Amino acid sequence: MMHYDFVFSGFGGQGVLFGSQLLAYAAMEAGLHVTWIPSYGPEMRGGTANCTVVISDEEIGAPLVRHPSAVVALNYPSVEKYEPQVAPGGLLLYNASLVLRPPTRVGIHCVPIPASDVAAELGNAKLLNMVMLGALLQITGVLPIGTVEQSLEAHLPARRRDMLEANKLALRRGAELAQEPLVAA
Amino acid sequence: MMHYDFVFSGFGGQGVLFGSQLLAYAAMEAGLHVTWIPSYGPEMRGGTANCTVVISDEEIGAPLVRHPSAVVALNYPSVEKYEPQVAPGGLLLYNASLVLRPPTRVGIHCVPIPASDVAAELGNAKLLNMVMLGALLQITGVLPIGTVEQSLEAHLPARRRDMLEANKLALRRGAELAQEPLVAA
Amino acid sequence: MIPVEPFTEQVVFQRPRAMSATPTTYCPGCMHGVAHRLVAEAIDELGIRERAILVAPVGCSVFAYNYFEIDGVVAAHGRAPAVATGLKRTQPDKIVFTYQGDGDLASIGIAEILHAAGRGENLTVIFVNNAVYGMTGGQMAPTTLPGMKTTSSPLGRDTRTMGHPMKMCELLSQLDGAAFIARRSLHSPAEIRRAKKAIVEAFKTQMEGRGFSMVELLASCPTNWDMKPVDALKWIETHMVPIYPLGDYKTRVES
Amino acid sequence: MIPVEPFTEQVVFQRPRAMSATPTTYCPGCMHGVAHRLVAEAIDELGIRERAILVAPVGCSVFAYNYFEIDGVVAAHGRAPAVATGLKRTQPDKIVFTYQGDGDLASIGIAEILHAAGRGENLTVIFVNNAVYGMTGGQMAPTTLPGMKTTSSPLGRDTRTMGHPMKMCELLSQLDGAAFIARRSLHSPAEIRRAKKAIVEAFKTQMEGRGFSMVELLASCPTNWDMKPVDALKWIETHMVPIYPLGDYKTRVES
Amino acid sequence: MAKQLMKGNEAIAEAAIRAGVEAYFGYPITPQTELLEYMSKRMPELGRVFLQAESEVAAINMVYGAACAGRRVMTSSSSPGISLMQEGLSYIAASNVPAVIVDVMRGGPGLGNIAPSQSDYFQMVKMAGHGDYKPIVLAPATVQEAVDLTVLAFDLAEQYRTIVTVLLDGMLGQMMEPVELPAMRALPATPPAWAITGAAGRAKNVVVPFRLQADELEALNFDLQRKIADIARREVRFKEYFIDGANADKVHGDRAELIVVAFGAAGRVALSAVKAARQQGIRVGLHRPITLSPFPDERLSQLADEARGFLVVEMNAGQMLEDVKLSVGGQAPVRFHGRMGGQVPMPDDIAQEIEKLDGMTSRPIDHKIEGPVVLRAAVGPARKPETGRN
Amino acid sequence: MAKQLMKGNEAIAEAAIRAGVEAYFGYPITPQTELLEYMSKRMPELGRVFLQAESEVAAINMVYGAACAGRRVMTSSSSPGISLMQEGLSYIAASNVPAVIVDVMRGGPGLGNIAPSQSDYFQMVKMAGHGDYKPIVLAPATVQEAVDLTVLAFDLAEQYRTIVTVLLDGMLGQMMEPVELPAMRALPATPPAWAITGAAGRAKNVVVPFRLQADELEALNFDLQRKIADIARREVRFKEYFIDGANADKVHGDRAELIVVAFGAAGRVALSAVKAARQQGIRVGLHRPITLSPFPDERLSQLADEARGFLVVEMNAGQMLEDVKLSVGGQAPVRFHGRMGGQVPMPDDIAQEIEKLDGMTSRPIDHKIEGPVVLRAAVGPARKPETGRN
Amino acid sequence: MAKGHVVIDSERCKGCELCVSVCPKGGIRMSEDFNAKGYRPAVWVNPDGACTGCALCALVCPDTAIAVYREVVPRVAAANAASN
Amino acid sequence: MAKGHVVIDSERCKGCELCVSVCPKGGIRMSEDFNAKGYRPAVWVNPDGACTGCALCALVCPDTAIAVYREVVPRVAAANAASN
């Protein structure tokens, strides 16, 4: 059986919701069980947002986890919050462009991705979530990038249609970037 | 031990409340346990009012009874309602001035008192409750008339002070009237 | 019940069709009875008996559903406008009206009446203002007159601590959604006739889809005012009318 | 926190004493912050910090108690005037005020505000009208403008089905118990200054025991209006002020 | 002090006044209205606060305000009004401020009627409104007890900073009995330190009925639960009749084998039935909980060790019944006799149920319940003189 | 129909629409608001009634009005809003009209917070408001179940002319899962015969939530109780995992000796824990009530005959716990694990409680719970491959 | 003048006396006897046949206890009627 | 003209830009950098020392992030100051 539990975390506006939902769509469309749940706490406005995605090939119990197997941290507060929470042996994927003090915990895999910089290079800071997602897909192998690209086509809001290719590109760039640290891990 | 349960019943305005409360005051002032409870149902306005008084020399349980030992009925609807409810061997004391069809139940004591007429004779139709109470005291012997007279002095509202002697007179007239039927019973 | 007389006579006055034959439980001289009859007459005249729906309040007129020959619901205390909204929104072709006392409408239910009016809810409200809580035994209402003694203002309503009379027509006529707001009194035959006209106009407002309509009726509660019915009507004229001026507070013709 | 500069300078502007140093959780450009500061300034100026009591609402300003250096209570949604009544009646020497949003005051809490005003409850109300429910994510409020899109009126407020804007100053000024009722806006420095004066006047009304006082402040919710803060202020001026005219709606000098 | 004959509602009002209530906020509703009316007269006389609120919703929130001010405050209402107070009650509970609520229950559901009932048990005892908490609930059975428990209510409310409900039914509210009123207490000189009285010469006080962070709200809940447990340990009250030792029947001796459990008015009616059954030789006793919350579960569980069976009598469809069953824990059969909609159980019906229980739990039925007590003068004593009880 | 990824709140809204809801009245409150917002868009599109009420009090009374009109109607809210609806709910119950209520519970008491909770159990399951009645209460644990139970809710409401509550917590309301939506139903052609639609060509209809006479109100209550009993006989629903026969663990075989009981979100979290414990060889199963009212008491009592112990898991201080205890009736120990104030129980905590229960009920603890499931690609499978479950 | 005819349902009447107070012709007085509900009902006495059928009594009656009829007088007969 | 001095607490600032919009002297611009909360705070740049200390910026600031000071210029010194 397969079972993954991921947390996406970042500032509101960094695309935490869409990035994590896209993964959930892709999982659903790949015929898997999936749950997506936001923390809808007080930090909703302005502060930090986070979402948990659980993907499994059987009925999912808890949609929330204390120790996620992987965390995608888009900003520094997220690293601070989740570094201690990642499951032993789990993955902490972080946006190295914004996180200047790298996580130090031993026993987990900490993978820096300069996602904001890459997104800026790709011409739109908002693509950073796709860069990170691409990296996550690459490292965990939870779903093929192609599946996620299909879901992207289906679920990218109409008003952002023009950004479809840019999003795909960002996904792939993220995946590329993730090759190296994984090997290094 | 002693234990009495009485129901007073009549139209609103016939003095059901005051008559029955006076008995309760007297019982309290005689050192007995007593409960007084009105039916405060929809019939409160305009319709029929009734109150239950329980007097006992020990802690009183139920303040309501299904089959009262005595009923004081000031009008015809009260006779209709309570005739079947009086306890076997109990007393139904009724205002014969207003009740033209006398109760017929066997196995209880039905005692007519022409209370409205007597009250009118005494100069005030409102005295009918005292006439009936006087009769009740006489028949049941629950309390001496003197005790009730004392309570009357203490509890007759200030604005009706001038009626004190008339009330006492009515009590005594009621008691007198009750002599004969009791003997006949 | 009332015998119809031989052919040489014409009926000048009898119980309207929309009113049931059931005798009311109201106290002698209580103006709820007249208010009921006027509503029933208006319903008959407008020919809407078969699509009229009454929302009765909690208050002495909680029994109103017994006295009309139309469909009816009893709402929780103060909530008649909300219940009426539910009835009307789901069946806009029906003529839905609430019948409410002043405790019901101006005290506990003031939010519901204001918002129904604010939304321009296409309803009719018959508001019987007798300046006290009748059913519970004559406590102070928001409409109680300054200085008036009630069972919960035993020394008289002191406006400094108990507030000022709520003037619902004045208040509701401020709202854009309100189409017809009028105050009438039931203290004399002439006023009763005028009240009837206003009730007809209120129902017409609804029938034409113009929005929220309300007729406030100044009425007596002889029992809790501790007055003879005849004196109570005089008291309306001498004491209530000066504080609650009669008239049309809002009339809007377009919908 | 803000460094005090050397002696050659005088302070023109700094955080009032009655305001706490805690940063707020409001969104960038949200006018709740300005409204808070004005209240705190008024409290300082009137020297009532030690007897002022805040009743915070449920709404974005549920946290207001964090931002004032005065005693405070959080009321249930809409019930601040009732809670304030309980506080004030038991300690009439205190200066009790509520701070309420438009959903809180004009929707769920309209009964409580009307009756507090009707009773002439000697309270002050700071009413922040931003035309939407901020905290819950921008749903329609009773104060939402006709045609305005919100998350619960996605095609814009249609006055035929969703009602008309509730104009609270117009409404409350009808009540005899209301002593000072004014509407101001926070859309520019000049208006902010005027708002402050009205707030001071409202507190004075209470201090002098004249009765119920309320200042309505037109404010922005850039987040739920989906506008830049600067544009949101312009929108207040161009769109809200015409519907909610500024001014004094009621001023009563005697108590 | 001489006894007075007072209505339950008025006696409670006067007791509250003597216990030092400083503010009353309420809204008229039968069968509680006399309490409000009494307050409208007496409170202003004493220079205290009386205010008729625009609704029960407003009333409970005014109570909340006055409670935050650290003042002794109360409200009263009846079932539908109590439903409207649920949100406010939950806020008061979350804020740990003291308040006394009198609920004079009437028939339900809906508008129901104004006849006596006990069908607010669930809504008042299990928890009023949303969230996890329990008010203290006191259930008097006589007017005297109503007076005494009202005074106690204020004490407990302040001691534990909690809601205390005096839960009675319309019957007790409307009935008159002789009572001895307590002496008039002095009002507290100063409000407690936590009260919202203006931040003069001290850091600000705030009363905040929420915690946005789940861990903090859980901490608040743990505090509430600790308080509830503390109260449960210390404040259980009940009264027993004919059960054992001192209160067992002098005449018929014998520890009770059957236990009737009933509170408030139902409890006093049950007493009549138990007396009657005792006279028939049935070894039955009455346990009358006075605190419904905390519930006397330990005592009942102890009784369950030896009892042959329980009969719960209520003026509802069986609400306290669940708590009795939880206490008895399957150790003995629990039967139920309930009347609803404003009907009051009658002693003879209860007595019959006792007989049934007696039979059911395998003892020969060798006795009959006689008719009701009848009149001495008119018909002579109803029962054989030697029994001396009824 | 293809699956869609939907939030619980929105899925319930769409399910209600497809079930033919004709009118929605509500008031915004987190974490339920998306439901209202969804309705504000979809209902007008379909020419149906959407109205944002001025308050929850107004909303429930609008529901009452539309229900009296014989229309399919619903509202939704969260804990404090539900408290405000108590009076209205009681009126609806007294009137025997159908209505569907969705309660997306949040942390309490008071304003509490907006985090998920199950602390409205008492106020919704025991009875909403005053009087004696019980709504049907359905507790979904997945978004799909929320959809299915919403459709069922309308059917049951109409069949029994009762209130049906869909009771979930903020977690389920906010979370997205794939769902299959039901087909769109046609709206009913005509309202039922009892509906308040104007007395055209028939005698008048009235809906009256009171009976002034106690005997009549008692009769109404007896009808209500009969209906409740009828529902209890026919509508109990639950889901079991690893308990016996078909649903017992294929791998570890064996009928469950320990029973975890949990509903809604707590139920699904408990499922994770039960799976983990099974993997450790503990013979534990999960009973997840779907109808909280009627409660699956018979089934639990049956399980109690053989089980060594029960563990109740809730997101509150122990509310369903009472019903479980009543069902188990002292036949086996019942432990409780609860989180409050918006905290969600975690699978490993529950698993630990299962172990404790296992130990307590005298079986050697020869197993340990491992850490959480971790990542395949990055770290390899967390558990030994042969177990195949977690 | 038109001739009126008033029928008072004495069992509906609650004896409030409003009809008495408004009748311009003194046409109604209160009975000495009680009805079944215990009220003294109004009775139409119509002294001197003065009742015009103006229906003021019915208009104020809160209990719809009063029905009012008016004689239908053919135009020619009207003159005769006036001389009665 | 009086000389103003503005202190902006960049950690309180949420970057709403209202102060920028009201300053009659163009005295404030937004920073390129983020503060700890992730906002780009306002900075007082005061080109040409034009700030008069009018405090409009502080007046509109919703976060009380701005304090304003004004140079206290003794009357005699004022003339000098003007010539600076």
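We call the chains A, B, C, D, E, F, G and H, going by the order they appear; numbering starts again at 1 in every chain.
Criterion: contacts are C-beta pairs under 8 Å (C-beta built on N, C-alpha and C of every residue); 3 or more make two chains touch, one makes a residue touch a chain.
Keep in mind that what you see is a predicted model, and the values were worked out from it rather than measured.
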Least step count from subunit F to subunit H, where 1 means the two chains touch: 2
Contact-richer chain pair (by C-beta pairs counted) among D-H and A-F: A-F
Approximate Å spacing (C-alpha centroids) for the pair subunit A, subunit C: 63
Geometric centre distance via CA averages, subunit H-subunit A, whole Å: 41
Distance between chain centroids, defined by C-alpha means - subunit A, subunit B (Å): 86
Inter-centroid spacing, subunit E versus subunit A (mean Cα positions, whole Å): 57
Multi-partner residues of subunit C (at least 2 other chains): 27-28, 62, 74, 76, 107-108, 110-111, 115, 142, 161-162
Residues of subunit G engaged with two or more neighbouring chains: 14
Set of subunit B residues in contact with two or more other chains: 41-42, 46
Complex interface listing, subunit C residues touching subunit F: 49-53, 55, 62, 65, 68-76, 79, 82-91, 94-95, 111-112, 115
Subunit D residues within the subunit C interface of the complex: 107-108, 110-111, 114-115, 118-121, 142, 159-167, 170-171, 174-177
Partner subunit G, residues of subunit C touching it in the complex: 1-3, 5, 7-15, 19, 23-24, 26-34, 37, 188-189, 192-193, 222, 228-230, 233
Residues of subunit H defined as touching subunit D within the complex: 4-5, 7, 9, 11-12, 14-18, 20-22, 39, 53, 55-56, 58-64, 66-72
Of subunit B, residues touching subunit E in the complex: 1-5, 21, 24-25, 28, 33-38, 40-42, 59-67, 69-70, 87-91, 109, 139-142, 182, 185
